[in-house]
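Look at the two complexes coming up: chain A is in both, with chain B in one and chain C in the other.
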Partner chain A sequence: MMIARIFRQIWNTATALTLAALVCAVVLVLAIGAAALLGYPPLRVADLWLHGAAGSWYSLSSSCADACPLLLTGLAAGVAFRAGVLNIGAQGQFLMGALVAVALSTRMMIFHQPALVIATALTGGALAGGIWGLIAQYLERYRAVPVVLSTILLNFVALYLVAAALQGPLQAVGTAAAQSPEIAGKYWLPLFVPYTDFHIGIILAFMLSVLLWVVQERTVFGFESHVVGLNPDTAKAMKMPVAWRQFQIMFISGGCAGLGGAIQVLGQVHFMTAHMGDYGYAGIAVALLGRLNPLGIILSAVFFGFLDTGAFRVEESSLALPHDLADVIKAVVILVMLVLAGISLRRSRRAAKSERTTSAETPSA
Partner chain B sequence: MKKLWMYRVNALAVILAFCVMALAPAGGIRAAAVKGQLRIALICSGSVTDGGWNQEGKNAILAVKKKLHAHVSILEHISPVRAVDVMRSYAMRGYNLIIGHGYEFLIPATEVAAMGGKTRFAVSGADTTKPGVLTLNFDLAQPSYQLGILAAMLSKTGKIGFIGGEAIPSVVACYRGFAAGARSVNPKIKVAEAYTSWDQPALSKSQAQAFIQQGIDVIYQNVDAASRGVFEAVAQANQSHGAPVYVFGSNSDQNNNPTCSRYTPASAVIRLDRAFLRVARAVQQGTFKPGVATENLRNHVCIVVLNPRLVGSVITPAMQKAIARAGRELLSGKVHVKP
Partner chain C sequence: MATLPPALRLSEIQKSFNGVPALDGVSLEVAAGSVHGILGENGAGKTTLMNIIAGLLRPDSGSMEIMGNAAPVGSVRESRAFGIGMVHQHFKLADNQSVLDNIVLAVSKSLWSRRGRGVLQNIDYWCRELNWTLELQKPVRELGVGQQQRVEIIKALCGGGKILILDEPTAALTPAEVDELSSAVAGLANAGMTVLFISHKLQEVTRMCRVISILRRGKLVYSGGVAGLSMQQIAEKMVGAKVDVPRLVQPLGHAESRVLLELQSVDYRIGKREPPLLSQINLRVHAGEILGIAGVDGNGQSELAAVISGTVDPVAGRIMRSGAARADAPANSACIPEDRHKEALVPALPIVSNLLLRKYRHRPYVRWGFCRFGKWRTSAAALMRQYDIRSRGIDDAVCTLSGGNQQKVVLARELSDAPEWILAVNPTRGLDVGATAFVLRQLLDARARGAGIILIHGDLDELLSVSDRVAVMRGGKLLATPWPQFTRELIGRMMLAGA
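What follows is the complex of A and B.
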């Protein structure tokens, strides 16, 4: 019985994700059609794109490495949105995570054994992101500042804090540039396929997604946080610890983004500037495309990673098709998904209304 | 019915996935460059239409392309996060030279250079060296010194000002050179300094307006894309003001800016094309050597460019002579400005 229920859940998830995948495929085909209209050979664009994203171990690893921070910031947004916590601050939490991880692996090393340095940097990064998120939740709970507002503002605070640190205590020696020292090679995340970007951070991110899916779908905590998200009043009436759950969710959400930042600097970039990419904001799109489901977010992040990496390979080629096309595709996919979600919501409301009308008419009949 | 629909959707997805997988091995990346042709990639952090640093980089590499008949590929909006990936991709495809246009590309270039191969790496705008990479360090303090002399000779009020995008050492060095040059002409001259933003013209405009209200009549700006704001403030001041207010350009030749070219007598210019051409030639001839190359007045990369339309009217022969003399003194070491 229980196994059947789990299978049903997986089946429903797969159906929802397949729909998203179909939308992505259709938009991709349309985009290549648009490229053809602009005078680019469509088959060559498609060929370069596919090969650039997944044509070799090297390209595959680039795509996955690009998907990794998106997956973690996507999880940060997805986990929070599902519980009704509008955390728009994944960018700030990502930056804080990266900053602390760089500090703990360069200037402020507590240990010197590589494994311990990596472990402390990853933990420190996740904690930094989580604590940065908690500030926003505290402001909402005790100072009536909406989370959506404080998280946006805290993104800027984090950005300027990072800029100040990189021109101050964390600035590399011998340069005027606002950047951190390079993390020594022995403290980089180990690769599981040599000469590629397949670092263990990718596996860690995938495992975390599955773990979060299990927590959301199979635990009391997951159920309660979902109820809090759907209707906090009902949750309160059912004697659920609403505020406590929101704090916990915010910590997990910020922690995911912070871990994303830490993995990015330890596994991919190996130093830090204030320009670490807009992964926090892109994570919101990833979470929406993945329908706030951790397994969906994996697929959505991988899709975004493949899209980006392939787009760069097309731009680098003699075709020089701007990689911004990938951003256009992402935006269209998100819009289509939102429209479809709107249609499905309207349908379900209509169905519920007609059900209510039928049940109200039945006794009199 | 709903179940049937779900089956159909899932089946379609599986078919689509197979189609994609079947299509994937059909081709490969083919280079368009002619065999034996020098292949150069330029990687920029911002837009190549920013009217400043990145646009100059693009123009410079296109000039190199024309001179050496090289194959050139330009990538814009590349963050340091993506840099290793794109640099490695170019290197794997046999590019001879990869130029990271900005200090943020130094560590990624070092990482990719360490992987070996025949590709050479250069990073413009960095000031420190890393193994396997040639860094181009642009010393704009020397031409700033010459502009300081011109400013002191142009100023009627004895007050001049400097607006920088950010108080980073390379920009502060411009202020130092500018102030030293001005004081070499008039030791009592007042030199104000302010730092606003690289990309917010509104901020730089309000700062320029504040300077003009304080009686400053020559402004030297190094704010890149935000320079439009300073030009607007100067243009407006010259419409209402009795005495003229002048502004100097920086990094690129901004003497022909559409807003107030009549009041822009000179610019401190980085001739990126000369620096890039030298590096590309070195790669072509096999004489490329990693290290730091300081680009300054001596090798004609960082120079003062006078506005030819104002030479003879605003810029007098005495001013031209003073600028030329300062150039000679800087080259001979008689005058030293800290870069």
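What follows is the complex of A and C.
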């Protein structure tokens, strides 16, 4: 009974996501067609792309490693949006997480025990992201600054804080560039398939999405935060702890992004510059494509990761097709998804309206 | 006088939404210079029909003639050019703009022409005609509901309206304002305007209109004179079956029974310097009684409701709620708020979630922080049967239900756990005859069970028909009345005295 219900829920999610997958496929085909029009051999582009993204264990692993930070920032956006907390500061939270993780693994290695250092660096990164998010929520609750504004402004604060740290206390010895020293190899996230990019951070991220799905769909906390997101006035009238839930959600959201930053430096790049990619902003797109559902966000993050990694391989090849094409595809997919969401919203509204106008009530005596 | 062509002739109007018919071949004639009442329950298709006339909706088939000329359907601009002006139930006014700007905005043909002077003359003409005064420079949000409605009417008239559609114009008005509106409507008819008056309140329609049309489930079931029809007959035509018009009388119940809720000299204001919104409120609700609170909207009723329900704290005074010690127990109080979409329901969520909003965090609906959806569903299914909520299933989103069924969801959730005291604010607003009777009967059942009920209600007739005691809210003060030794008229006068 219970299992059947869970299965049905997953199935509903799946049907919703089939649409997203379909859109992605269509857009991909169109993109390859566009490449053909520009004079690139379409089949070779497709072949290189697929090979680059998933042709070998190594390329598969680098696609997943690229999807990993996207997945975590996507979760950050998804969890927050579902609860009506408009956190668009995943970028700043990601950077703060990365910064703290680098500090903890290059400057303050606890007992020089790899397991301990990694654990503290990951926890520290997540906490840093969470606290960075809480600042915004505090400003909204007690100083009436909308979260949308403060999170985006805090992104810049985080960016310059990182730049300052990388030219100050965290700067690598013997360089003038704003970059941290490389993290010692023993503190890197261990790989679960040797000689690839499959680090345990990827597993951690996947497990976290499943956990968040369970929390969102099955627990009182998830239900309350959904109600808070849909209608805070009703939530308040039902004596739900609205402000407290928003703080918690913001902490979880920021924590996901911060953990993403920490995993990225410990598992993938191993040192830090001020240019860590736009994972925070891309996370918003990932969350929208995954329809704010943690399981959907896994799929959309993996899709984005494959797209990116494959595009880089095509660019590196003799064809030199600019990898910006991947960004164009992402943007088109998001646009199409938004349009479709708008259409389905309007249809359901219209259906609801027609039902209301036709179902005349008979007296219930 | 030669026979004029009818002001409006609709033939065979058909409209369906997603295959579900909302209007099924409606043909209607409205004589020029008449006040024509359109009656029907919620969901009978009144508003859909009016929206078609006003050009907001395009019918699937059928045609429209205005003053004998074929008029295009489905264009607001064309309809307005043909002289149709609509006053919507929910006013379409820009709150932060002045009265004048609102009218000019509606009348201007384009962004660039603000025909200021002509509009002023026009406004002046109609105000004199109707004997109204409008404060043109005041922002609309500072006006009362009745005044806002006048702005809407003047706006429609200045836009060249010859046929005025008033959609549920009395829903938010006080009895005195209703009287003024009805004399204004009569004045408009004298000035040669045609008025379509939509309502589901029989008394008003029969008073103001000599000709009525009745819609039921998208069909026109009657069109003709009012004379010779009894209220009962009209009500039967509207709902299609015999119902008693809700007039629920009962002997005065409470002796000196237990006090469930007490307010002692409660004051409330928003800013320190602002005038008090509630001052020196004293009230007691006993077990087994309904305390009715009448009053013109905006005299402190919403603030009183907020103070009682605990969403805001009073500035001074004490509130004693019985059983408040058991804070974690499933609510022993219930609240049926004024705006169910905003404060009682989550329209986007399914019925089952909305029904469980009070008790989802109590046993047995939760275990270790996890929702036990199986228990949720059995509970919700039982409530749906008990309260006769009509839908396809408990997984339908609440926003797909009709207003009456949405209110039943609220009632089912709030009243099913036998609360000790109940706060209900305008619980029948926007509901039809059948649903209104259902709501009032639920309140009376709760009273019979021994609950104390505080009913803040704008509809004086309904209020008086179910209340044991009646108090009047005026200017933030609560005035006791010796009801039932008092007449309805005296209470009405108390509501307005000094205003």
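One rule holds for everything that comes next: the second predicted complex is superposed on the first by the 358 of 365 C-alpha atoms of A that agree within 3 Å, B and C clash if a C-alpha of one lies under 4 Å from a C-alpha of the other, contacts with A are read in each partner's own complex, and residues count from 1 in each chain.
One rule holds for everything that comes next: a residue touches a chain if its C-beta (ideal position, glycine included) is under 8 Å from a C-beta of that chain, and two chains touch if they have at least 3 such contacts.
Computed from a prediction, not measured in an experiment: that's the story for all the values here.
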After aligning the two structures on chain A, examine chain B and chain C and state clash or fit. fit
So, A:176: does it touch chain B (first), chain C (second), both, or neither? first
Once the structures are superposed on A, label A:309 by its partner contacts, choosing first (chain B), second (chain C), both or neither. first
Touched partner set for A:47, first chain B, second chain C, both or neither: first
So, does A:115 touch the first partner chain B, the second partner chain C, both, or neither? neither
How many degrees, to the nearest 10, separate the directions from chain A's C-alpha centre towards those of chain B and chain C? 130
Between chain C and chain B, which one touches more residues of chain A when both complexes sit on the common chain A? B
So, A:218: does it touch chain B (first), chain C (second), both, or neither? second
Quick check for you: in the superposed arrangement, does A:230 touch first (chain B), second (chain C), both or neither? second
A:320 in the overlay: touching chain B, chain C, both, or neither? Say first, second, both or neither. first
Touched partner set for A:238, first chain B, second chain C, both or neither: second
Smallest inter-chain Cα gap (chain B/chain C, superposed on A) in whole Å equals 14
Residue numbers of chain C touching chain A in their complex, please. 16-18, 20-22, 40-45, 47-48, 216-218, 239-241, 243-244, 309, 311, 335, 337, 342-349, 353, 357-358, 360-361, 366, 369-371, 373-374, 388, 390, 397, 399-405, 432-435, 437-438
If we count contacts the way the header does, which residues on chain A are in touch with chain C in the complex? 1-2, 5, 218-221, 223-224, 226-227, 230-231, 233-234, 236-238, 348-365
Quick one: which bits of chain A touch chain B in the complex? Just the residue numbers, please. 11, 14-15, 18-19, 21-22, 25, 44, 46-48, 50-52, 54-55, 58, 62, 65-66, 167, 172, 174-179, 182, 195, 197, 264, 268-271, 273, 275-277, 309, 312-313, 315-318, 320, 323-324
Considering only the defined contacts, which chain B positions touch chain A in the complex? 6, 9-10, 12-13, 16, 20, 23-33, 41, 45, 73-75, 77, 79-82, 84-86, 88-90, 92-93, 103-104, 106-108, 110-111, 115, 126-128, 168-170
